[in-house]
Amino acid sequence: MSGSTFGNLFRITTWGESHGAGIGVVIDGCPAGLPLDVSHIQAFLDRRKPGQSRYTTKRQESDQVEILSGTFEGRTTGTPISLLVRNQDQRSRDYGNIASVYRPGHADYTYTQKYGFRDYRGGGRSSGRETIGRTAGGAVASLILKELGIHTTAFSKAIGPVEVPESEYRFDEISQNTLYMPNNERAKDAASYLDSMMKKLDSCGGAIECMINGLPAGLGEPVFEKLDACLAKAILSIGAVKAIEFGEGRNAALLNGSQNNDAFFMHGNAVQKKTNHAGGILGGMSDGDTLVFRAFVKPTPSIAQPQQTVTENGEDTELTIHGRHDPVIVPRAVVVVESMAAITVADLLLQNMGSRMEYLKKIYHD
Amino acid sequence: MSGSTFGNLFRITTWGESHGAGIGVVIDGCPAGLPLDVSHIQAFLDRRKPGQSRYTTKRQESDQVEILSGTFEGRTTGTPISLLVRNQDQRSRDYGNIASVYRPGHADYTYTQKYGFRDYRGGGRSSGRETIGRTAGGAVASLILKELGIHTTAFSKAIGPVEVPESEYRFDEISQNTLYMPNNERAKDAASYLDSMMKKLDSCGGAIECMINGLPAGLGEPVFEKLDACLAKAILSIGAVKAIEFGEGRNAALLNGSQNNDAFFMHGNAVQKKTNHAGGILGGMSDGDTLVFRAFVKPTPSIAQPQQTVTENGEDTELTIHGRHDPVIVPRAVVVVESMAAITVADLLLQNMGSRMEYLKKIYHD
Amino acid sequence: MSGSTFGNLFRITTWGESHGAGIGVVIDGCPAGLPLDVSHIQAFLDRRKPGQSRYTTKRQESDQVEILSGTFEGRTTGTPISLLVRNQDQRSRDYGNIASVYRPGHADYTYTQKYGFRDYRGGGRSSGRETIGRTAGGAVASLILKELGIHTTAFSKAIGPVEVPESEYRFDEISQNTLYMPNNERAKDAASYLDSMMKKLDSCGGAIECMINGLPAGLGEPVFEKLDACLAKAILSIGAVKAIEFGEGRNAALLNGSQNNDAFFMHGNAVQKKTNHAGGILGGMSDGDTLVFRAFVKPTPSIAQPQQTVTENGEDTELTIHGRHDPVIVPRAVVVVESMAAITVADLLLQNMGSRMEYLKKIYHD
Amino acid sequence: MSGSTFGNLFRITTWGESHGAGIGVVIDGCPAGLPLDVSHIQAFLDRRKPGQSRYTTKRQESDQVEILSGTFEGRTTGTPISLLVRNQDQRSRDYGNIASVYRPGHADYTYTQKYGFRDYRGGGRSSGRETIGRTAGGAVASLILKELGIHTTAFSKAIGPVEVPESEYRFDEISQNTLYMPNNERAKDAASYLDSMMKKLDSCGGAIECMINGLPAGLGEPVFEKLDACLAKAILSIGAVKAIEFGEGRNAALLNGSQNNDAFFMHGNAVQKKTNHAGGILGGMSDGDTLVFRAFVKPTPSIAQPQQTVTENGEDTELTIHGRHDPVIVPRAVVVVESMAAITVADLLLQNMGSRMEYLKKIYHD
């Protein structure tokens, strides 16, 4: 069915293929009166566009975004915000040789099985460029959160074997290195590892961590629209993400209850937790603590080594993918993860407004 | 908003609290003409009900299910199937002492923050008994899959430190031990570990693995309703699940592209993969291979040790939870994971029917 | 797909057949803290149950409702409210003779075409008893509206040729006659008309008018979730309703703009309209004036006269329906129309809460 | 909430304001393999664009549509189809004088009440130009229907007092007169009536009839997604529509059951009805007969006569709207009604595919 729409009240609908006319998103349900400038959206897009480092595709794309609707005199009007990014590089040359072959680790085969044929130009809809729509939507969502004192931070937790332990997090350094790692030294190690990968015509994976501060307690709708459930769907819908964990996550399975439970205590008039193994989520709702999750990303499937595969006509063949591709997806996916998280939280903030009769009276009686 | 409905076309709506009149589910969108007998649903419920082993709560519940609507002469009619399980044990005694205290690791605090107050009897809606509705829905979904040659298997992959390596899987043994592990020997080890936990008044977590065979290629809707994204939401919506991974999952982040890519080859007329690092999903759609995912479950938060917490009135206090509780959630959650997976797949099977014009012609022209 | 759920945030899911075990509804998304007593729901159900007048079926049903979940200590908890009404009269005798014949004006033929077969007992899911779930849901929705100063009134505007002109409305008399007309004299005329219909073994239709007072301006979501669009769907989803109009409605098509436009003027600090041809809706949103719509109901299709029809095996035949049936649907449908209107408005009240950033700040900052 | 999306499986999301950068629609869920040429969409848009007759606004708009995504080599790919129409006439001159005044019969007041302020340029999102997105979506939906042998016809049934009785329908003449009436003679009468309206600086309303042939029986989902309920929402969501009726519609309320019931009979092997009072819908599902409904349209609210109203600052004032406006909305709304009907039917065709287990087996086993 229609899988290109995400969210219930704050809702994005994305469209566009790698080598079509462009990529875009329609953001519906954005509250009216939010100051919105195109430069804020552009800043988000610039974080994912190619050419930010020597570890990204050579494809030339300025990814300039245009606001087509939904704002008036610098503020959102409550009507749908349509955003458009024209594709500039529409050469199909690099992709011609794979029109009739299924690339291992890609969606070529499954798209063909689902729809009967596929737009093979650059992966069509399954291209990484699809995330432009998500990122533009996330830029707007993040503004809503900011107005409410909620802040989202995402970064490269690990690139290949190079991981930044929590003890070494330096958040101010995230924007200082092109790999978006919270530690410049580790970023250098990761960079040299990526150089070695490129020499070997190979690629690697990694992990992205996202933290959300300032969340009010009680976000998330029992029982199927839990905060973690919604975030899991949002993040797993990003191509190449193969796993997600919240707080202690996978490690919680190895702890005992006495270790994993977070003790409550009073800090002044505020209820707080001594630890945060829960990652800021209890019973599927935010508990007021920092929300923490990690997404694990598979290595870039496009590698320049010869690979065994089959043709659409059912013959075994060997494929060598030409053209330069990112040796790792993680750095450019950081802003996408942050965007999907912001969209999910914005949607749940709106949904939560009807949770109490007293809230209805506040809006309709005061 | 309304978080108690899951699915788009095959859709379940669950309701009920731990100590209310009962628990139930309404299954809507089930195709007409499916043979359905109450005994099949009961068999699913029996897999999760208390008293199956000495590692479960002493609470007495027969969990007898009644079909209230949606079937006629042994077949589904296409109208909503309403299923009801009456609660028998409605004593609030065991829970009286926690009416005004937030249990660590539970949803007491977040429910109160969201709704202004809470039904404290046995955790109310956040009780494990909520999963009865999911399981009954999963029983019906699994029948649809079976008719189409799709089979779902779930089991306890790990309980505390006791894990069953893939090389030791013996699927016929899953139903032979009360812990639902695919290896009776390992199950014995796990049992003695659980005994030690109970002696220590502590609990542990573990992992559940689910495999789905016989899936046609192409299930899952790009880009937000991907098969893995929908499954992630379904599984993370189960209380106590803190992480999920598909195929190589988290480990894929440490592999290189040349290792992680699954090579295609022809097996007769069929396209197959030499390996299955992808876990049966490419680009968010089933690739015809076995779908594999693992859910990681936190330790039971209800432990008999004294724990520090706070009261609803904002005073620090110490809490000791009385009454016996499962030292591990994993075994009883196995059928819940299998059920949510079956519901998700059934829903996507229906959604996929409109993916090609030729399918519409098959239904409306033939 | 799953057509048994109505609403986005305030959402009802109904289930049950005429001669199954019972009829019910799950109400999800009801704000927490709403005082709810079963007697209020029962009062709504009593308005539609058989035996209220000599113009209704002889079928004996007490239609006693049970609250199965969602309330605690007399208030809603924010979790799904499950309501159950057991069917008492499950005799299939009266219906045996129509098991293999399509009743004219009924859904027998279309259900069989859609699902391949049907539950022929009393029309199964297409029976008027299906509206029990809607009415129970409407009872809860009306409580939410009442707390916000919104009042819904519905009544029989016309029964057969007997219509009550606006000039003769006496709202206090609606509950004084069993036909729910706003004028006891006209109700007597309608009663004698119904007597003549029963003598002729025939039936008649009529019209129901609904008025909603106290609505805040701005309810309804442009462009597809307009207030009138949502109400139209809600009301047309009631069996036997064949038309709906808002304000001047059909008559507006015969007016000129200079006649139909409602002039604005200031009444103290309030913006008001000199007339209400619009029926309280401008651009699909409430304008603060009284919302007015009329639903037109077809005559009861079950008549005791011989009718020509066909059998399931494709033979022409003559059918005479036995058992007593209401000669008119209108009076018992009044509370159903009111209920669907209340549910629609409650849902849009919740949806509207996120329309302005200032509303979000009111909830999350104050 | 997000009100700019319509449909469940075949889904359109529209965006754009009268004097913004443009208007557009994203069509998601369109089956793959549908031949789609931009000229077909342009032809639909040309039926509603200004300048088709002397009875439409002088505004110059070529309304050229561009396909931005979702097609490859002339066929739909199953991915979202994004369509863009740039606004050419963005002068705000004609509208400057109403920036601070609420136009009677328009949405100025309700938009301001809902969102706190409004885009006053040409009515912003409430402008008739919003229907461009619907019409483009309808063009694609109509292609799906055509492939399945389903044909939709809409026309002006009445303009002011000039109505075409069914006995005088000449369908081939609909496209021969600029008012889209099924009778050229009546169209001449209507034209002179419109001339008189323009002289009087006044406007009028009318009625649009829509017929759908070739529908399979069983479309529509009980109980809330009935075919007529879904169509009612679709049509009432069009600005200026104030009423809808199906088959006998409002008149059915004045008939007796013996008159209104449609007798079934066998025609060869086919079940048919002797009459079609039902308008092709029984129990909310298509019965295989011609589907017939009528929409009633209010007179154009923009008239050049002085009207009493109020300013945003709460002062009484008199308003005279300058610039030429259509004296009647009906002719240009014909294609919009046809489009919304086609979209609704396409969506229900997809939803219905999962109604029987045998259909699933046809797709997944054959």
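All chains are identified by letter, namely A, B, C and D, in their written order; residue positions are counted from 1 within each chain.
Basically, a residue touches a chain if its C-beta (ideal position, glycine included) is under 8 Å from a C-beta of that chain, and two chains touch if they have at least 3 such contacts.
The shown structure was predicted, so the numbers you read here are calculated from the model rather than taken from an experiment.
Enquirer: With centres defined by CA atoms only, which chain is the most remote from subunit A?
Expert: Looking at centroid distances, C is the chain farthest away.
Enquirer: With respect to inter-chain C-beta contacts, which pair, A-C or C-D, contains the greater number?
Expert: C-D
Enquirer: Centroid from C-alpha atoms only, then distance subunit A to subunit C, rounded to Å. What do you get?
Expert: Between these chains, centre-to-centre, one finds 44 Å.
Enquirer: When the C-alpha atoms of subunit C and subunit D are each averaged to a single point, how far apart are the two points in Å?
Expert: Averaging C-alpha atoms per chain gives centres 26 Å apart.
Enquirer: Got the subunit D residues that touch at least 2 other chains?
Expert: Subunit D, residues with two or more chain partners: 1-5, 8-10, 14, 29, 32-33, 78-79, 114-116, 125, 216, 222, 350-351, 354-356, 358.
Enquirer: Report the residues of subunit C in contact with subunit A in the complex, numbered from low to high.
Expert: Of all residues in subunit C, those touching subunit A are 8-10, 29, 31-34, 78-79, 144, 147-149, 216, 222, 349-351, 353-366.
Enquirer: Mind listing the subunit C positions that touch subunit B in their complex?
Expert: 1-5, 7-11, 13-17, 20-24, 26, 28-29, 32-33, 66-70, 72, 75, 77-82, 84, 114-119, 121, 124-125, 350
Enquirer: What residues on subunit A touch subunit B, complex-wise?
Expert: 1-6, 8-9, 14, 102, 104-107, 109-111, 113-116, 125-126, 130, 158, 160-161, 197, 200, 202-207, 216-226, 228-237, 239, 242-250, 252-266, 269, 271, 274, 278-279, 282-288, 296-303, 305, 307-310, 314-316, 351-352, 354-356, 358
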